[in-house]
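Here chain A shows up in two complexes: once beside chain B, once beside chain C.
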Partner chain A sequence: MRSFVLRRILQSVIIVVAIAVTVFIVLRLSAGDPARIRAPVFARPDVIEQYRRDFGIDRPLFEQLLTFLGSAVRGDFGQSFRFQAPVTDLIMVALPKTLLLAGVSLLLSLSIAVVLGSLAALKPRSGWAWMSSALAAFGQSAPVFWSGAVLVLVFAVGLRWLPSGGFSGFASLILPAIAVTLSILPTQLRVLRTSMEAVLQQEYIKTAKAFGLNQNRIIFVYALKNACLPLLTVIGVDVGYLLGGVIVAEVVFAFPGIGELALVALNARDYPLIQGITIVTAATFVIVNLLIDLLYVKVDPRIRLERT
Partner chain B sequence: MARQNVLSVENVSVSFPGNSGDLIVVDDVSFTLAAGESLVIAGESGSGKSMICQSLLGILPPQAKVSGTRIDWLGRDLLQAGDKDWRTIRGAEIAMIFQDPTAALNPLITVEHQIGDAIRDHRKCSRAEARARTIEVLGMAGFPEPEHRMKSYPSELSGGLRQRVAIALALSCGPKLIIADEATTNLDVSIQAQIVTLLKKLQQDLGLALIFVTHDLGLAAQVGDNLLVMYAGHAVEQGGVRQVLDDPCHPYTRGLLRSAPTLQSSRANPLRPIPGQAPKPGSIGKGSPFRSRCPVVVDGVCEVMRAPWTNVAPGHDVACHRFARDGREGVQ
Partner chain C sequence: MSISVATHPDRPRSGPPLWRRLHLNPPLVAGAVLLTVLLLSAIAAPLLATAGPMDIDLRAVRQAPSAAHWFGTDAVGRDLFSRVLYGGQVSLLVAGLGMMGSLSFGTLMGMLGAFGANWVRPIIDRAIDIQLAFPYVLLAIAITSAVKPSTPVLVLLMVLAAWAGAARVVRAIALQERGKDYVKAADVLGVSRLRIALLHVFPTVLPSLMVLAAMQMAAMIVFEATLSFLGMGVQPPTPSWGGIMLDGKNYITSSWWLTALPGLAIVLTSLSLVLIGDGLQARTDALRSREGDQ
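On to the complex of A and B.
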């Protein structure tokens, strides 16, 4: 167990470093000069050159990479070009809000998937099944930027029930969380419904029934536990999709999280900030997947870590 | 000594709706079972023997239709049983041991909890009492070190041990009838013998009625008091186990015995399989179900009507036109 965890952590570190190097190189290959963007429009070449020196982008690429990796290891992603503040501080302010939004959305999506998916599997001809299919089809075809805009129009502009954007407490979470949930729910809902349908056909459910077990226990313990295994896998894959959805939603709702920060950073070619955000996001993805792997072992006794 | 009948199945049929009319998988089967008695239901796969068993617990697939005169279980008619009746019957009065213990046990729940849950859903008792009972029934089923090993998951046990868990589960709520549906088919021969011996011993010690479903007539001789031979959803011969095996009167029973390997089988004395294949449900029509493979068909009779039961000896009956007309010599 311990050696498995250590190995997985090591793998995770390698992945994050590889991503850091890749994003470093891709940024330098992309068009746009941060010094020119930062400097006044008709600045003299020597002023622009001064910005280059301040940013450290006049140094040879390899040296820049080493400096970047060296300080990143110590949790220092450098100074933001755009905000003239440490990248770490900027991220530390934005990240909790993003994680909150992502967490609430994931929780909401999982709850709906489990409840609605189970009901749809149990009663394939009921209104629940119809609702589950409709919601899945709708969520699948409505991109976050569209559903987000519609939600704003209806609930913020039209009905004036909820704030249209910004962050001023719990109410600001509701609309973006719904928009993100709509985008990640379809897969989870379909997977849970299908796996629940399959589990209900299993011999062990028949056995439980043949022994007169309590109906609720059969469905919510004996069946659901098995049906949730594929869902767990989907969550791991979906975290990337979730983070992407959250970033779009943040932009739509002007929600002051990592996503909005990333957009500003990209427009300013703010290399250190983009690198910092990418690394933190990648690390989140990798950590969540590691946790899911460990959770898998906890839930499914058939999985043996030693052999993996 | 006439013992009280606990179970009496009268003219029961099971069918499934099909594209061209209902597919009858069990056709007009009757038998009785006395307290403490064991009945072997023998037949090849698809003969409807599992279907009969599942109808006794109300666990047939939802689209299945069960009809008949009556299934009398301790004075109640199971054909009329509702959800509430089934809850008190399943597990607590009639328990089932399934063919494949690997599939029948939930992979994500420990042995302790699978048995404990069954106990606690039937008796109002504390966790500690359920635990004590779990250890007791595991011990009865010959599960080694139950206090310790009941914390295992099914995947951590061998096939033989899993089947012992399934037996313990069947015993857990003190049923009066245990149905073993091909309970030894998936096991190694040596384990098979152990499990059969265990079942036989438990049946005698606890005074249980036992229905043992198998396609292996050799096992039938070890387990059963009575034998019911089924073919394509029909009962074709029934009687005491020794009566039927020593004096098989239905051409199908005879064929089945000849096609089973024994130590006497050799190149000079080869197995003689029954030619052809069992008819599909729905293709039998009005005649004898075995007519398409029968070596002694009575022309003009077997095609048009079912054979009536003919008494061979006290307690031994056969449903065969040839036997009814020509007696034993006719089916030789």
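On to the complex of A and C.
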């Protein structure tokens, strides 16, 4: 068990470092000279040279990489060109908002998936089953930015119930969270429904029924516990998709999270910021995936036995 | 699968009618009809369009949908209905290319993940994991900050973003198949690993590959639209569904049709593909369970 945990942690570290190195090299090789981007357009050659020395790009690439990795480990990703502030500070303001939006969306989507998926599995010919199929098909087809735009049109422009964008408390979370939920719900709904259908066929459920146990208790306690395992895997796989959706929703709703920041950075060709955002976000993913993997081992003893 | 039914030795001379032998189901038919209509209207855009997709008319700026302009007009008076029709050509073509690219590469990687040399397999496993965990939008931002966005770059991004999904499915099926007796028998008989992979196992992947193709195509339609909407995909003035919505983004509070209607085209297209995918999956499952009964 301990060796498994250690191995997974080590793997995660290697993945983060690999991503950091790749991002660094790709940006340095293809993005051009940061000094030229940073310096005023008609700067004198000696001014540009000064910028080069400041960024340390007059030194060999390998040395730059080591310096970069060294300071990244200490949480220093350099100065943003656009905001004239440390990249780390900017990220630390934006990241919690993104994680909040992602967390709320995930929670909302999981609750709907569990309730609706169970009902659909239980009564395959009912309105619930139909609704779950329709919601899955629609969620899979509608891009986040479109459902986001329609939500804004209906609830912010039309009914004036909720703010159309920005971040001013809990109300600002509702519309973006619904848009993101719509996009991540389909997979979870399908997976839970299928696994619930399979679990309901199992002997132990039939036994419980034969013993006359309370129907709701059988389904929502005994069956759901096992039906949720595949759901956990899906969450791990979908983390990337979830954050992708969150980034798009942030742009649509002008929600001041990491996605908005990344797009501003992209348009301003703010390399240090892009670099920092990519690496920090990637690291967030890897950590979430690691946690889910460890949680999975904790929840499902069969895996623990298999791996030790 | 229908072939195996058709060549079954017990098949009566006059079997059931063709449409029954195809084992169609409602979602499959509904999806196929919807997709056909959408494809035809994109192909026939020059015949159906009421105006050129780039004809600017500054006397008719941001007009609401009417008899003259069915979907209204945009900020420079271009007819939105015509732009959506022509945009369909671009979006469908780009999504199709992305789907084929990601499916081919994903299948290759998936098969390698199941049949590759011992040192290759774990590398592919990890690569799939990383790729699935990494948010594609961020990947797109990182790459387009280095390379100028264009349509070929967009297709490349699609392949990069979607190959892992296909690879995971193909790998899982191939691994499952690999453990079966007939593969072991072939192995014992000295059939090479490549031959087993290509001639024995690959055909069993094909039904799932068809489902994947429909689902990936739906995902690619959404992906193209999303990246073009973020300004990282098809570049103006070429109309694409995401690009058209980007044009309308700033007028969302005053001109709802500029974002809502092009989005409807995206939703209908990917909905038709999701229905086809669901239908194909149900069909494969039904045929499999029937085979199991025999």
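One rule holds in what follows: the second predicted complex is superposed on the first by the 273 of 308 C-alpha atoms of A that agree within 3 Å, B and C clash if a C-alpha of one lies under 4 Å from a C-alpha of the other, contacts with A are read in each partner's own complex, and residues count from 1 in each chain.
By our rule, a contact is a pair of C-beta atoms (placed from the backbone, for glycine too) under 8 Å apart; a residue touches a chain by one contact, two chains touch by 3 or more.
From a predicted model like this one, the values you see are computed outputs, not experimental measurements.
Chemist: With everything superposed onto chain A, say whether chain B and chain C fit together or clash.
Modeler: Overlaying the two structures gives chain B and chain C room side by side.
Chemist: In the overlaid three-chain picture, which partner chain does A:15 touch, first (chain B) or second (chain C), both, or neither?
Modeler: second
Chemist: Mind working out whether A:214 is in touch with chain B, chain C, both or neither, as first, second, both or neither?
Modeler: The answer is first: A:214 touches chain B but not chain C.
Chemist: Does the superposition put A:206 against chain B (first), chain C (second), both, or neither?
Modeler: first
Chemist: Between chain C and chain B, which one touches more residues of chain A when both complexes sit on the common chain A?
Modeler: Touching more residues of chain A than the other partner does is C.
Chemist: Looking at the overlay, does A:281 come into contact with chain B only (first), chain C only (second), both, or neither?
Modeler: second
Chemist: When the two structures are overlaid on chain A, which partner does A:153 contact: first (chain B), second (chain C), both, or neither?
Modeler: The answer is second: A:153 touches chain C but not chain B.
Chemist: Counting only touches as set out at the top, which of chain B and chain C does A:262 meet: first, second, both, neither?
Modeler: The answer is second: A:262 touches chain C but not chain B.
Chemist: Look across chain B and chain C in the superposition and give the shortest C-alpha distance you find, in Å.
Modeler: Distance of closest C-alpha approach: 13 Å.
Chemist: Which parts of chain A are touched by chain B and by chain C alike?
Modeler: The overlap between the chain B and chain C interfaces on chain A is empty, containing no residue.
Chemist: State the interface residues of chain A toward chain C in the complex, per the touch definition above.
Modeler: Against chain C, the touching part of chain A is residues 11, 15, 19, 23, 26-27, 29-31, 137-138, 140-146, 149-150, 152-153, 157, 164, 236-237, 239-244, 247-248, 251, 259, 262-263, 265-267, 269, 271, 274, 277-278, 281-282, 285-286, 289.
Chemist: Please give the residue numbers of chain B that touch chain A in the complex, ascending.
Modeler: Contacts found on chain B: 57, 59, 86-92, 95-96, 98, 100, 103-109, 117-118, 121-122, 153, 155-156, 166, 169, 172-173.
Chemist: Flag every residue of chain C that touches chain A in the complex, lowest number first.
Modeler: So the residues of chain C touching chain A come out as 126, 129-130, 132-138, 141-147, 218, 222, 225-226, 229-232, 242, 245, 249, 252-253, 256, 259-260, 263, 266-271, 273-275, 278.
Chemist: Inside the complex, what are the residues of chain A that reach chain B?
Modeler: Residues in contact with chain B: 202-204, 206-214, 217, 221-222, 225-226, 299-302.
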